[in-house]
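See the structures that follow.
In the two assemblies presented below, chain A is common to both, partnered first by chain B and then by chain C.
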Partner chain A sequence: MNAMTKSAADLRRAARDHIRLPRLETPFHDRLMAISEVNDWYNWAGYKAPHSLTDGELEYFAIRSTAALFDISPMVKYHIAGPDAERYLNRLTLRDVRKLGLNRVHYTAWCDDHGHVLDDGTLFRLGEQEFRLCCQERHLPWLVDSAFGFTVDIREETEEIAGLALQGPTSYAVLRDAGFVGAEKLKPFDIATFPHEGGEVTISRTGFTGDLGYELFVPRAKALSLWDRLWAAGETHAIRAIGYGALNQTRIEAGFIVANADFMTAEAALRADRVRMPDEIGLEWLVDPDKPNFNGRRAILDARRNQTLKHILVGLEIEGNISAEHAIVYHRQKHEAGLVTAAIWSPTAKRNIAIASLERPYGSKFTGNLWVEIYALRELKYQKMMKRAKIVPRPFVKLARRTATPPGLK
Partner chain B sequence: MTSFDAIVIGAGHNGLAAATRLAKGGRRVLVLEAASEPGGAARGREFAPGFRSAGLAHLVNRLDAEVARDIGLDLKGEEKLLPTTVLDGSGKAITLHGAYGESIDGVSADEAVAFAAMRKKLIFQAGILKRFLRRPPPQIGAISLGDISTLATAGLSLIRRGRSESRDFLRMLLMNVADVTDEYLTDDRLKGLLAFDATLGIHLGPRSPTSLLGLYYRLTGDVAGRTGGQFIPSGGMASVAPAFVRAAEKAGVTIRCATPVGRILADRGRTSGVVLGDGTEILAPIVVSAVHPQTTFLHLVDPAESGTGFVRSVKNVRSYGNVAKLDLALERVPDFTGLPVEARNGRIVLVRSKEQVETAFNPAKYGEFSTDPVMEITLPSLADPSLAAAGGCTLSALVQFAPYRLKAGWEQGKPAFLKIVLDVLERHAPGIGKSILAANLMTPVDIEAEYNLPGGHWHHGELQADQLLVNRPTGAASGYTTPIEGLYLASAGAHPGGGISGLPGWNAARHILSGATA
Partner chain C sequence: MQKYDALIVGGGHNGLVTACYLQRSGLNVLVVEKNGWVGGAATSRELTPGFLYSNCSYVCSLFRPEIMRDLELPKHGLQVISYEGGAVFTRDGDYLASYRDHDSHRREFARYSKRDAEAYERYARDVTRQCRFIQPLLMRTAPDPFGFRPRDISELLYLAKKFGEFSPHEMAETLRFWTMSISDFLDEYFETDVIKAYLALSGIIGTALGPMSPGTAYVLLHHYMGEVDGSVGAWGYARGGMGAVTQALSRSFQASGGTIRTDAEVAKILTRGGRTTGVVLANGDEVRANLVVSNADVKRTFLKLVEETDLPGDFVHRVKHFKMRGSSGKVNIALDSLPEFPALPDGSNCIRGDMHFTDSIERMERGYDDWKAGCWSADPFLDMMIPTLLDPTMTSPGKHFMSCFVQYCPPKVEGRDWTDADRDAFAETVISQIADYSPGFRDRIVHMEVRTPREIEAEVGLTEGNIFQGELTFDQLLFNRPVPGYAQYRSPIHGLYMCGSSTHPGGGVMGAPGRNAAAEILRDLKRVPEQMSKAHDVI
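Presenting the complex of A and B:
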């Protein structure tokens, strides 16, 4: 059939193919599809990403007991390079980029002029004048507008660069057996490059699980061969591909926050009171008042001086074993004090843990006598529980193997 | 080396007004000027051998009396208000006498009554807006007692006149000038004058929504307490800049010309002085920028010291001029058909109707100049014979519309536009062409180069509803203070706006002296 014989309806349908298949597929999609038993996908920044591939519990224990492979390609990535790249990023983000060494990564965040957090993410220093910024949301207009007056080139490389997180106690063993010689030297937040298929793979000792783990980045064309290389080496180390459900549990245990889950980003928030300053989401430690000027500096320091910070992010330990996700937090069982943004029963900590956003002075001045009201839907009836909650430090799970160098093998 | 409490960048009249007020408030003030002489856009220049132009402005119509008194300005001639004559080419002139036509010649008795009613209405309404001129605009989120009292008295003055006055004010505030003139007037020439006055220097046509604001702005100005008045000081416009300089020097201000500022020093949200073009550092806790806000924040302050959102909003300030300035050296005083001899020393507006102004604006929307432009003219050498060679005369015209961003480029467009302008003049003053010894047309691009005025816009940013008051030049820098502590804005780009009023500079200085930090 040629175009002349196609009906108008066929042509219309063909022209809106993107509506029929609205999700992009990551470079690893063929492998994920082959493994997936449950066909449980969700939308991660426009990409089709697995919530789970086989069994959520087994996937969780792969992270904590063996090795887990997680496709992080949908993570938004920007390549930032040029003579002013360091100065540019220092103005853009909260931490002092001058202190970020070559082949090092740091966690950071960035704000608008009002000191409201636009996103958090990791900044990779790949060269003296070359960086990669990884984050949850898209920011190209903001990044480009921030470049006025700087000699710097900014490109989004989310589609071009494939990413894999290899996490868990045997993750180093997988790398070693896959032939990445020298990977044992990587300390937490180190970056190194290794040959792969006539090209290079960039490996950093980073991750979102609070465990021993690595993140690997390759050009899209080398994605599948990298997956196969790890998969073959991982067989004896019980490697397992995982979805976001398992990863999310470990990130809560590690006390990490997720943009637009634990806080609303300034550009996504529609309601004026939903935006957050770094100090309101536990990121005050990123703010460096001594470094040169950066976006939001004055607003943040003014809010500190004038004590106008309205919220605080806390870790909670809740009695019982029912997850308190999105439960309301009360003070003295009476006064509404905030909201639980993420919660699980932690299989590793054997505790019922939560991350909550509280309205000061709850969480800052009034730290005791906190309660959460959990509504558990049990066979079409809510069982309401008022459970005692205690503010505890994050991370909830701290593993020595995360930082041990050289890394362990099991 | 002498140390200074404050550095003022730019020796335009606003910079000098700010410096003088600061000096009178006990501060040691240094003014730095890039050009070889002070005066800014009021700086004169020789445009042909033996013929001088007094600068961009050729009339004074809004010099604030309190500013003049406070800084000790010794300009004279205020008592002699100049008339405005409208010429449409028919040979029959309309002349407005006194302050914006307190009496009017050349129209029917009915039209004169109608004009008087309209004048009264507009002056009353402009009077409400005038209350906001002499103080910083209210800061949203930090409204002060003074703001409340200004707002309250503005409201009270409305209410006192009854409900219908209040309603009419709110109805008219954002109207276009064309519709307002239709409500009151029948004479096309008179409507044309109001349309011209409302849009001069603004990128709007008389039918554009909110174009009445331009006329309100004009009528917030007064001369010797007379709203809408205009005068040329004795000695001519060339005496304006020296008067500001004298006032500043008398107050103890140090002025250094030919000293361009290369950078404003700023570190972590605080300024500490400036670096000159030659690399010399001059330190002071207060820096007052009396140059264009875009020059200030996009070139002089390192963008790293401002927030991304702030830089974005400064970049978005619309500041593309539409007015060309023509200076002619003439062999003799030109003879405009129908112009009464006693009105020769005043303002002459060449306009037929508001439709002509609207049609003249149309091409400006698309990057082309008017083929049938409108203009206002003065003959500066009548007040100051030294401007012209013996026996000669100078003519100064503000012509619009001549958009800064001309599609064809001004290099190509300028000769063509000059010919159009001279043809218009020839029609109104037959024989003027033959008496031209030299013609100097400055397009907005030339104005930008000559006076360091981005976009060649004498208001330092469009004077439109979205760039006024709390949004002038942009929200975060609208109260003379800026996101950088110690750095203040004091040019026409700050509240209330352009024209020789002295207010942006004087207000800024008073704000600094008040010790307010926001």
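Presenting the complex of A and C:
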């Protein structure tokens, strides 16, 4: 046994105790634990993550009125680098990666050979030959197998990199007061690095809330000091740590979809009819038919040409104020047309909004006369309602401060 | 002399399931069993004072919940409890554990390979898809393409329709799955030896094939399509040992008015004019019955209990060549204390699940090479469990029963019959393998029962000790099980039926052959099977 394999075996042995902590704690766990009043945790990809920390409703208003800090460390992250990284990612994903400039981020998705979406995520261009892909599900075998013929190195780095989303109208003010000089220059989807504790923090002007906001990434060891730095600066800007409940409300307002909530990913779907093409989940705008060949291209273009797309994802505005989560959508109150995948009463839009997956031609050809059947359980009785629904464009909430550059302070 | 409506030859779990359904449908049913107890290969026996042994089958997953419910088995004492985890010990002193928690399972795989950890999801999805295809077929009589009755055509259409629900890509996957070796199949997903070895186990258990033999991928599916309370693929213990299954069945049978005669070995199935009239027992007693249902395997039934001259020549030829090869043995051990496995961390859950020592497919295949040469494996594959960690009813606190399923173990040793010395030498390979990983193991042994195919055939009656009453290879499944043209539980002799694991859908403590046989018998009697609920939907 040579020295190399011995150390691999030692590492393997050292990792045995993972079972003593079946739910991983994120690099920010100590801070979250100290803040959490309600102990409302859920399992996010194997991590203990807060659904709420103090009060979900107040956490929501932190996002929309002040500054909210949300731990995104459990997001799955892959580091992709090498001379062929751009060409490889262009082959893998739907958008044209050649157009993704250095220090820029774009939202994208990738498909299997049949054009079915494997996941959506954000692609960060950290260098000419260096990228980070962030997503909900795990794809290492797919990414590695797809690299055949490319000189590229693919590394899963979820546990090594800590991530924080800082979102809300005062998020820039927090960054400024925390001493991140130059953050004001960041336009939406820009990335820049800033010194932190003898190392670097990567800050992008991105987020999942449709508000002014940033995402910060540091090596695990620097996580707590980054948190403390933001927290101290945020005190006068009403910073608040939030859980997923609040974030989810804002992402619905922003019209964003979540893998395996609003659509089933191709690798998770057990039932053959549950998979979706990009055009069936509102991601047709990501598909770039003019760029060099990419995975799923032929199937997607065939489906468009032959008009075999079966589903469509739409935004709905529903009368009344009762949230229609997982309600069945009907056409003319009688033909089943689809399912609501996410719904809330939007506190910001003051409208009852929903994201729904419809079976074409509903939603494509037949866009009027749609209804949702809401079963509201109230004190052990279902109040059944048939409510009118109207297809509306997403986002449901559009905020000028999201894109204003330089960013506002409040 | 009393004449029964139906007589069941053999009180194994399938025989008892058929008996229960027929008795509940108003027939007067007698079960005759050669041993002094019922249960066949699903028994709990006190072979040494204070220890109950699941001395044949040892875990429960495949037994159909529809049957438990129809026959009120919970009321008659059946409880199935899930177990957790398991481990393969590796030769370098480490182990690969399996955990019920999805993320713990992934992180355990990631110790060996991050890629394999993430590949597990795709593997599990593909296997689950195939299980979902097969599950609805278990409780249906296979179509008979030779029959061309409207029913057979509609069953063939059902198969075609089920298959048609798949995308062309999935159909191709299904065909591959039913014919590939488990080793080739796993190579498409994983790179780590021990991970592949761990997952390959289910592809060889009970099968006289190596992990590199085509057809073993299907055997894996057969072990995955069970469930514990809707959790597909999960395995559990029958509380009180596997005998709890057959005890509950026999209580249910007797409660509905059925009769069981033990110590009543059938010597011959009687026929007159191509029709069965009953049986004659080894003690010379004749028992008359309108129909006879054999729970014995197809070889024992037609080559030993029926006169060959009463059967069509081609049928006999097929039965003779039905593959029923003994490939496994069993070492059942009573322990006066819990064995230690120093490789496992203190308090590890792994010891409560299935444990193994074969850490590569190649080792497994070498074990099979020994079998081909006519010997038991020098380095055998063990499926080892300690059910008493979760089941307090089998022995007293602190003491344990350990079940070791051992593969490979041939029906004859280098072409000659087993001797007691062979058996002891076989046991020694097993014990020494365990002792390599568990210091002081030998000192804990209070009593041990060693079962080679010789003992299994002699006591349970399984030809060559084959636990599935016939290999689960594609050539012996669906309408080819056990014999083309006779896959619907009927035989060439009027009134003689089969209900054992030799018939569709095959072995394991599943009960589906017994239930399907009862459905066919009731159909022939023009009775509506009111006592039989519909198979659960797979949605």
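Quick notes on this one:
Definition applied: the second predicted complex is superposed on the first by the 389 of 410 C-alpha atoms of A that agree within 3 Å, B and C clash if a C-alpha of one lies under 4 Å from a C-alpha of the other, contacts with A are read in each partner's own complex, and residues count from 1 in each chain.
Going forward, a contact is a pair of C-beta atoms (placed from the backbone, for glycine too) under 8 Å apart; a residue touches a chain by one contact, two chains touch by 3 or more.
If you're wondering where the values come from, they're calculated on a predicted model, not measured in any experiment.
Of the two partner chains, chain C is the only one touched by A:G46; chain B is not. Using the contact criterion defined above for the overlaid structures, shared-chain residue A:A15 touches chain C, although it does not reach chain B. In the superposition on chain A, contact of A:P292 is made with chain B only, not with chain C. When both complexes are overlaid on chain A, the residue A:F148 reaches chain B alone and has no touch with chain C.
Comparing chain B with chain C, the partner in contact with more residues of chain A is C. In the superposition on chain A, A:H139 makes contact with chain C only, not with chain B.
In the superposition on chain A, the residues of chain A contacted by chain B and by chain C overlap at 114, 142. Residues of chain C touching chain A in their complex: 92, 94, 97, 99, 101-104, 106-108, 110-112, 114-115, 117-119, 121-122, 125, 128-129, 132, 165-167, 169-170, 189, 345, 348-349.
Residues 87-88, 90-92, 112-114, 142, 145-146, 148-150, 289, 292-293, 295-298 of chain A touch chain B in their complex.
Interface residues of chain A facing chain C in the complex, by the touch rule stated above, are 9, 12-13, 15-20, 22-24, 43, 45-46, 114, 137-142, 144, 156, 267-270, 272. Residues of chain B that touch chain A in their complex: 266-269, 298, 302-312, 315, 476, 483.
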